[in-house]
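First chain written, first letter: the chains are A, B, C and D, and each begins at residue 1.
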Amino acid sequence: MIVEMNKGASDEQVEHVVERAHSYGFEVQLNLGTEKTVVAILGGNTGKVQTDVFAVLPGVESVTRVMKPYKLASREFHPRASKVNVSGVEIGGQRVVVMAGPCAVESEEQLMETAKGVRECGASIVRGGAFKPRTSPFSFQGLEEDGLKLLSKVKTDLGMPVITEVLDTPHIKIIAEHADILQVGARNMQNFALLKELSKLRHPILLKRGLSATVAEWLTAADYLLAEGNRRVILCERGIRTFEDSVRFSLDISSISVIKHISHLPIIVDPSHAAGHFAYVPSIAKAAIAAGADGLLIEVHPNPEEALVDSLQALTIPNFERLMAELRPIAEAVGRYI
Amino acid sequence: MIVEMNKGASDEQVEHVVERAHSYGFEVQLNLGTEKTVVAILGGNTGKVQTDVFAVLPGVESVTRVMKPYKLASREFHPRASKVNVSGVEIGGQRVVVMAGPCAVESEEQLMETAKGVRECGASIVRGGAFKPRTSPFSFQGLEEDGLKLLSKVKTDLGMPVITEVLDTPHIKIIAEHADILQVGARNMQNFALLKELSKLRHPILLKRGLSATVAEWLTAADYLLAEGNRRVILCERGIRTFEDSVRFSLDISSISVIKHISHLPIIVDPSHAAGHFAYVPSIAKAAIAAGADGLLIEVHPNPEEALVDSLQALTIPNFERLMAELRPIAEAVGRYI
Amino acid sequence: MIVEMNKGASDEQVEHVVERAHSYGFEVQLNLGTEKTVVAILGGNTGKVQTDVFAVLPGVESVTRVMKPYKLASREFHPRASKVNVSGVEIGGQRVVVMAGPCAVESEEQLMETAKGVRECGASIVRGGAFKPRTSPFSFQGLEEDGLKLLSKVKTDLGMPVITEVLDTPHIKIIAEHADILQVGARNMQNFALLKELSKLRHPILLKRGLSATVAEWLTAADYLLAEGNRRVILCERGIRTFEDSVRFSLDISSISVIKHISHLPIIVDPSHAAGHFAYVPSIAKAAIAAGADGLLIEVHPNPEEALVDSLQALTIPNFERLMAELRPIAEAVGRYI
Amino acid sequence: MIVEMNKGASDEQVEHVVERAHSYGFEVQLNLGTEKTVVAILGGNTGKVQTDVFAVLPGVESVTRVMKPYKLASREFHPRASKVNVSGVEIGGQRVVVMAGPCAVESEEQLMETAKGVRECGASIVRGGAFKPRTSPFSFQGLEEDGLKLLSKVKTDLGMPVITEVLDTPHIKIIAEHADILQVGARNMQNFALLKELSKLRHPILLKRGLSATVAEWLTAADYLLAEGNRRVILCERGIRTFEDSVRFSLDISSISVIKHISHLPIIVDPSHAAGHFAYVPSIAKAAIAAGADGLLIEVHPNPEEALVDSLQALTIPNFERLMAELRPIAEAVGRYI
């Protein structure tokens, strides 16, 4: 950490900073500039201490981190890219993994028709919400446990791994019995109680980026999941909140290469929730693969007009088929395959 | 809802929209413009239906809400301003209610010293976190149940109501035994599982605005809390995420008058988490009262240098005393008192 | 426009709205809902009138546009995609056009070395700033007229069209003598005096998106350029301001498909200013082409360490060569070529 | 500046950083941490150099500023608060200065009626736009020179100073002949050509904050105005662009105390353009004064229904009178007067 003292800070004030650094076991080096003193606080664990610890001291103007606030998710900690194996499907390898399915599980027919459809087009994992986070209490809230059972049936009948969202700690146990990947939604990225409980599992966890989370905050949330030894964490960029209103969320395309530089975790992209409209999904999906994403999470519904949730962003099965055909040459152009 | 058809939409497409509206029991009126047809969909419950239901139909260009997505929190639903009684302290009345205390409960001495100090200065409710939502898993996570007991002691010994945060559904029961107000933090504003469980209580609930929640989304989250008949919901503006980095969050001062226009719920302001720095707290606190806020939630610590959490934003007790003296004439200037 | 009246608005208030609509020559249709009256105001020119004209009337709750605020830039106005011919290079056709060169023209050697380098790699237009918009008055402000002459020399010697930025109306004349494309920078997107003067030219104009401009505002700014009959307008997405700080600006990848849907103008992407760091430029450039962009604007410098402006985002010539090799198969994967 | 080297950066790479620092005349101090080397670059002028100069060097991970990018506008440079005298009206003193008038000058009657009305209520400066920056080319663009003459007439007849906006460098001369304060609009805050020309005047300049400008960028733009010796610069907070859509812009209330801490320049607030709706103007205006603003810029129109520009945000004269009566006790509560 770099502590910049005020112009005119006293020697006692500088000494106070030094003592506090020593109390944490950190080394200190003083930089006596012509106008200001700058104290460098050094040590491998400075990332674990809040900057406030120094900023609150008298005579301090500002404190800047050098060590990142996250550690376990960083590439410095784990230089090689991690791959996450999901019941035989590898995420983070050469294959671009496509997870597809309806926003919400609505019925056996709907789920099975979609799952078969997307499998034929080349998707390798089925998505479907059983517990749904809805902005309004008057909206359909999901089939809950019945939905989980339908997902299990897909898994058994079609041999495809399934991913579904977990909203609350008491549901973790039952969801873990049915799902191959447990998904933490954007609105729960900093639901720390949920993250802590999930960190005790050994299942793959998909961590969606919060609507207003910086990349650094996202990786710090990933540290919660990694803290108990689970290494199977997958990141999912799904758009951030900005002032632009032609789409639901602005997909942060640069986060893909930033994550690849600073983290070892695989990253996939959800173009459906970002766009909020099926017409914009293909363009974003193609961009994601070209940018280096390890996979996609796409909403598909056999009959979007009748979908109970987020119908506007779902692709029909023929539209999904067309998109998959367009994605293949792009994956090849970046040295991968679908 | 107003459904705008594409230029050149067919009569069949318009008819399809009309049929769908009828299937929900809505009335319809067609507006045949020179360039486009516009379908007005009318009825008191249109706010409960997603716009996607119509947007997904062929030939539709856009759908605009007329009815708001929230209902129970709206002033149309409940024209008179609501007041929330918290163990004898009324929020939303003529008195500006100040809640103050440490970010985290650290020890009996710390909590008791702070509570006595803020009471002497005129605060009427004590705040203190027992379960702490921390962005990093390496940070202090709160005293948990021991912290709750200390809050209960303050309540008994000093006769002051207490407010504390609830992070997870399994904690609700025990927190409800100790706290007068249960606080939902910004990062949990759309933790719908938590909101649903809380809606079953009859305790006052303080709902902080999410970091990237619009006012409309905030009121829709309040609808979750109001849906089971609990009427004691208090809103708390605490700053939103923007590009500005001189403060932690940008306090949305206009939300106060917007909420007063469109909602009946009382609204208080947390200047501490918005500013992130004690030096900026007084200016924001004064602005909040002048703008019409019903109260303040302020962090105070007897010795911020030693605080375990967010030390930079805490006021010392003498600084809090000075602020309270500055706030009184402003409250009077807007026809209220502290 | 759709005018929603307050619950309880009087007949006189509704009548007042109707009269005002008639005074503009618009048609009106009343929608008498159970709770509220909604007035639809119809006519091809409603997009040219501010919503305030109705919102200010007593009894009005809200006003929503149906017609867009922009017209000339819209696809409804001009259904076929426009192509812009720049001295023989077509932008918006099947070829993805790459414009490359230094941020600022620094010397004849620097400019000529870069221009030759990027031409060999396949770039077809040379970029270079002569008048530089710098956030600090203490920074290098460009070679000004001498820089323009060097650009003209490149044009003559290498036969490549050149693009350069115009900052101020008095410079337009001289820049138009030297440049093939005049660029309006992001910070001037709503410098309406500049836009109005530029609309009188018949040169191609590149209009960068403003840092905080919505897509609709961007197209409305384009309407200024199109208003006097110049049809040669090219849009350039260069990132918007968000809370994310790992890059300088967040490139809005979805704007590409949104623009392709609602506008006929060609759109290119500037990955260099968005990323702010050379390491992130290739990933964004690849994504842009996959998403459907018509071209790229990339900063290249023979020796970034010595660049006078924005050195961190410039690619070296070998790095640019590598990027061009990576871009070609992606262009082919989307049915285009470079 | 603090240069953080990569883990594993070589001695040559560190040496390269040191040499570059020396080449600028800066001092250097090395901090050899256990994991990383950190180079502190010291000297009073480091704020004038781009961080890129070091960030581009091999082995560098990040560069952080200690000196701010702005200098002349900083309180470190000029510790006492500046007061700006405008034809006898002092801005930045104990009096809260209210500037009021129509968005656009429309006619002599309209301007004179408004000016007399606001003077009677206690405003001391008249505002009115002659050259109007309009987002759409189809909107009313202002009376231009005729508008300036009307402003001069007000000045002569009523003895009130006037403020009007300048959009383009060729207009500066004529506007400077008529106006007491020249206003730079939000969309021109980084129109550097305009700022440079204005810096040659000795008139007071009001610099509105850009829609997406950080406080640091705003002060750096102010440095342009101060660079040639003009000291009469007034800042104006007018709201920033965020995701919130219930108002036009989110007024950044914290910017007032931030500016008071880090700059010596006076700051006023424009609640009208932030709110975009007259109903929200009073609450924001009151908050601004309580927060410590030195003045207000408010839109008033004798008949908003007939206003040609931004009619929804204008106060009627009776509403302005009521607001002024409400503002007086708040000004007194913070030790000032109106």
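Just so we're on the same page, contacts are C-beta pairs under 8 Å (C-beta built on N, C-alpha and C of every residue); 3 or more make two chains touch, one makes a residue touch a chain.
Predicted, not measured: the structure shown is a model, and the values here were computed from it.
Chain pair with the larger contact count among C-D and B-C is C-D, by C-beta pairs in contact. Over half of the residue numbers at the interface between copies subunit A and subunit B are found on both sides, making the touching surfaces mostly the same.
Of all chains, the one whose Cα centroid sits at the greatest distance from that of subunit A is D. Remark: subunit B and subunit D have CA centroids separated by 31 Å (rounded to whole angstrom). Distance between chain centres (mean CA atoms), subunit C to subunit D: 26 Å.
Taking each chain's centre as the mean of its C-alpha atoms, subunit B lies 38 Å from subunit C. Subunit D has residues 212, 241-243, 245 in contact with two or more other chains. Of all the residues in subunit A, the ones that touch subunit C in their complex are 212, 214-216, 240, 242-247, 250-258, 260-262, 274-275, 279-280, 282-284, 286-292, 326, 329-330, 332-334. For subunit D in complex with subunit C, the touching residues are 48, 50-53, 55-57, 69-71, 131, 133-139, 167-171, 187-188, 190-196, 210-212, 217, 220-221, 223-224, 227, 241, 277, 304-305, 307, 309-313. Within the complex formed with subunit A, the subunit D residues making contact are 2, 4, 7, 27, 29, 31-36, 38, 40, 42-44, 62, 64, 66-67, 76, 241-243, 245.
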